[in-house]
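Report on one structure; see the data block that follows.
Naming follows writing order (A, B, C, D, E and F), and every chain is counted from residue 1.
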Amino acid sequence: MAQTADRYPVAALAELPDDIRERIVAVQEKSGFVPSVFLKLARRPDEFRAFFAYHDALMEKEGGLTKAEREMIVVATSGANDCLYCVVAHGAILRVYAKNPRVADQVAVNYRKAEITPRQKSMLAFALKVATDSAALEEADYDAVRAHGFSDEDIWDIGAIASFFAMSNRLANLTSMRPNDEFYLLGRLPREKRPG
Amino acid sequence: MAQTADRYPVAALAELPDDIRERIVAVQEKSGFVPSVFLKLARRPDEFRAFFAYHDALMEKEGGLTKAEREMIVVATSGANDCLYCVVAHGAILRVYAKNPRVADQVAVNYRKAEITPRQKSMLAFALKVATDSAALEEADYDAVRAHGFSDEDIWDIGAIASFFAMSNRLANLTSMRPNDEFYLLGRLPREKRPG
Amino acid sequence: MAQTADRYPVAALAELPDDIRERIVAVQEKSGFVPSVFLKLARRPDEFRAFFAYHDALMEKEGGLTKAEREMIVVATSGANDCLYCVVAHGAILRVYAKNPRVADQVAVNYRKAEITPRQKSMLAFALKVATDSAALEEADYDAVRAHGFSDEDIWDIGAIASFFAMSNRLANLTSMRPNDEFYLLGRLPREKRPG
Amino acid sequence: MAQTADRYPVAALAELPDDIRERIVAVQEKSGFVPSVFLKLARRPDEFRAFFAYHDALMEKEGGLTKAEREMIVVATSGANDCLYCVVAHGAILRVYAKNPRVADQVAVNYRKAEITPRQKSMLAFALKVATDSAALEEADYDAVRAHGFSDEDIWDIGAIASFFAMSNRLANLTSMRPNDEFYLLGRLPREKRPG
Amino acid sequence: MAQTADRYPVAALAELPDDIRERIVAVQEKSGFVPSVFLKLARRPDEFRAFFAYHDALMEKEGGLTKAEREMIVVATSGANDCLYCVVAHGAILRVYAKNPRVADQVAVNYRKAEITPRQKSMLAFALKVATDSAALEEADYDAVRAHGFSDEDIWDIGAIASFFAMSNRLANLTSMRPNDEFYLLGRLPREKRPG
Amino acid sequence: MAQTADRYPVAALAELPDDIRERIVAVQEKSGFVPSVFLKLARRPDEFRAFFAYHDALMEKEGGLTKAEREMIVVATSGANDCLYCVVAHGAILRVYAKNPRVADQVAVNYRKAEITPRQKSMLAFALKVATDSAALEEADYDAVRAHGFSDEDIWDIGAIASFFAMSNRLANLTSMRPNDEFYLLGRLPREKRPG
């Protein structure tokens, strides 16, 4: 498991600022392991705090999108960006939220073939345009998702999640972030608890 | 699981020519289920026979590539072609052959980050050039894999597998072939038997 | 004519298995020369047999597409894949079947400007999507060809031919297959016989 | 100036949370106007706070990159993403920091032709790879910037700025953010003060 | 300003043929400086004469397009081709003709967000298709501009300007043509005279 | 032969200005037919004159490139731009100049597989970079052709021909220019005279 360049050493927990160490310990207690993204980013505390504040603002909020739908956006756009960390880690979270052991692999490869609703497919088509060709967005793209009942605030959510993971995917590729082994199996077996 | 267009009905086993039915029954007995590709293609017996004869000639032969390496080529190039069926079905087979529950997801998304050897990475770089830009192949591409000890016959194997799945990926997308549910979990848990 | 890397020596006729030698001799007698693809692939008899079995199943069958239309698909998709061997060899066959000395050059470069029917243009638009972006195929693509009277079995043919030559183009590029000199002129002069 | 779709109304200053209103007022006092990005994002206070915290962590820190170099990265990658807001607004800031009225237009269109050092060109080549093809980053890319004296922490900065603006460009395109008129001329005339 | 490779020395005015020297002197007198394109091309008199004859035939003629609209086409397509010289030099001319200090930067980055009419946007969409994918032009593209009142002669003008600058952009990149410093500010301040 | 949209009527010879009619008559007498490009462009006399003046300045001059090599550049870049008129018309001229009935088809599809010298391949690699990605030209590209003995004036010729046909290809696609039937066979049979 060691032959890939492992860029940027992981922070030592004991040396981290209190707030960051506490968040990491809380994740550890809830999930049973610490996802690599926490340890990679912790060596830069200001960036860590801003990253997770932004993440939580987009992923933990209430609104027209379910948590599973938010994760679908992450997995589909991370697949388009060939980001291993995000496909595997968020694929696990998506399986858990959607209570479907297949949907993450489907959405990561080709959402058109996935076991999701037409409304969710329109959401992913919009998210992928934001991810891959945002300058070409035009009124027809907004109308297409509105036709499935998404409000303009929902559309902001869809687009902002795709945008945030455009950043996140690049950071993971830049730093050679590796998915924890635990993620690969999470949500694939019948009874499992949801992640934090 | 039904909202995706399911193109081209699956053949009824009883109506198939004997040789095809026998192959399908044998697969069923060995694996415990019949992969969709057998049932989709069986409605066209001549194409079925040629497809599997070609598949076996490339995937079951002896030579400089292990079976796991042959499946790596399938998974990496199918990932580049966004072929859901092949990523999921051959990902399962790769996990079993490689006895590694993570390698298929890695190779499908980005082989550069996978837990594989530098030699295997050079093999996949060559395979991906065959898959995505074969007209631009030049001497330097052959030299790069030769430098890792691959013979010219091995290179033919690498390129021919990438070529065969260029076809196979397109057939699966054309016919909306769906991976069997069994594939998603296969090879992800400690002790499992190898597929047929 | 020799400065291009000529990869993989051609098989010696005398050393080939009987069935393969017989097929090659038959082609030689009918066409007056042996197309390179036979000699390149013959060094791997199992692959040779599967390749031509598949080819014949798709190109020699009866159905809603004429032989000229099948060759149009080959030439258009091989042009998109920049495959010299297939553009030149199948361009020759297309000229003969279509009894039109210009149509192959047209279809190889830009089918939109070719002397073909709107129905044939819709067929080639579908084939090119299979060749270049099969994961994005959607219902509208199928509807567009159905609107020109193609049945679902015809669509399978169109897509399967594009898929088979996705493989074939890559094999030709991989092995540096060279078109025989005879192909360049074939079908360009008034009275000529059809190829085998 | 009104015919472009102006998506998402701008927040009314009086209704904003105190910390956000204070930041906006401070920017207004320093620059003489409020850049649109503040007013567009302010309608979502949590996202506003995370966005600017992240921005400041990357753009205002000390380190191996000058402020002008950080802005070069923004302008070059925003040019690649066709983001009008970021090209114009950060182009202005770059002109001011670099005290060069031409460099922003150059870097936005083609950094290879810009009046910058070879070291800065290597920095932008790396940033553009992060922006456009981060999954393909490999050791040689890191070595190329290291050869110009950039440390691994500098490389993190380069890549993280490119990543942050991958997000920012998409948000600007999503919300149709318009550059303030003031930005177009800023830094183009001899004596001007630097922005906040 | 000197570190970029400056390919091909500029012609000495005294050694040029009379007609070319006279044209250059006239431009100098009218504009106050000699745009680099004149001096770069003058070393090849026949190409110089043909280039400017073609330029004038397309850019100085009467017809359904205003001079500002012709320059918009130049700036938009030069932006798509990443041609620094043409974006900066023709951006200046566009600002002067349009009497708008912002429109050139907008059109160079993303015409969809520019302060122009829907008719002008349709004109630029057509021009960009000619610039980037002319082989795929089809009846629907012509109909889309006709719907905004453009005649077939106007469409020829739009397409021919995009075609001419496809050449011009490549020549500028080939010869490392540098925009004169004067262009960067031209047309950005309230009262300025129009160029020749 | 009529189902393709035939845009822009051809000029009536009798109504053309004398110099243009005379050039067309001369071509007719020399070649036995009038290539479509003359009749399409003649309806705009100033553009006609500039186009052919430019063409002749680049294609008929003396220098380090043979006439066959100049035509190779045309055919290779026109192939990359999918321009039917230029591939067929200039393919004919190339066959005649090179006295090789196969080389045009080879160069149009994939110059790497063509019966040409390594020096000619380096020339075409440079020309194709000018045609498809001129903004990315860098010193290494110039050095690669210089290593084969091309002078800087030769490199200008190579790049300028690729640039001129970038324009010409787009004009042909814009106006749906059709290759004359005569071109398809020209230069394919043993003894033929050279074109004008």
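The rule is simple: a contact is a pair of C-beta atoms (placed from the backbone, for glycine too) under 8 Å apart; a residue touches a chain by one contact, two chains touch by 3 or more.
A quick note: this is a predicted structure, and the numbers were derived from the prediction, not measured.
**Student:** Both chain C and chain D are touched by which chains?
**Tutor:** Joint contacts, listed by label: A, B, E, F.
**Student:** By residue number, over half of the contact pairs should agree; on that basis which option among D-F, A-D or B-D is the same interface as E-F?
**Tutor:** Among D-F, A-D or B-D, the interface that shares over half of its contact pairs with E-F is A-D.
**Student:** Report the chain whose CA-based centre is farthest from the CA-based centre of chain E.
**Tutor:** B
**Student:** CA centre of chain D versus CA centre of chain E: separation in Å?
**Tutor:** For chain D versus chain E, the centre distance works out to 28 Å.
**Student:** Measuring centre to centre with CA averages, how many angstrom lie between chain B and chain C?
**Tutor:** About 24 Å, centre to centre.
**Student:** Where the centres are mean C-alpha positions, what is the separation of chain A from chain C, in Å?
**Tutor:** Measuring from centre to centre gives 44 Å for this pair.
**Student:** If I count partner chains per residue in chain E, which residues reach a count of at least 2?
**Tutor:** Residues 82-83, 110, 112, 135 of chain E touch two or more partner chains.
**Student:** Pull out all the chain pairs that touch, please.
**Tutor:** Listed by label, chains in contact pair as A-B, A-C, A-D, A-E, B-C, B-D, B-F, C-E, C-F, D-E, D-F, E-F.
**Student:** Within their complex, state which residues of chain B touch chain C.
**Tutor:** Residues 5, 7-8, 44, 46-47, 49-51, 53-54, 56-58, 61, 81-83, 130-131, 134-135, 137, 139, 142, 152, 156, 159-160, 162-164, 166-171, 173-175.
**Student:** Which residues of chain E touch chain D once you look at their complex with the stated criterion?
**Tutor:** Those residues of chain E that touch chain D are 1, 3-4, 79, 82-84, 87-88, 91, 101-102, 105-106, 108-110, 112-118, 176, 178-179, 181, 184-185, 188-189.
**Student:** Which chain C residues qualify as touching chain E in the complex?
**Tutor:** Spelled out, the residues of chain C in touch with chain E are 110, 112.
**Student:** For the complex, give me every residue of chain A touching chain E.
**Tutor:** Within the complex, chain A contacts chain E at residues 135-136, 138.
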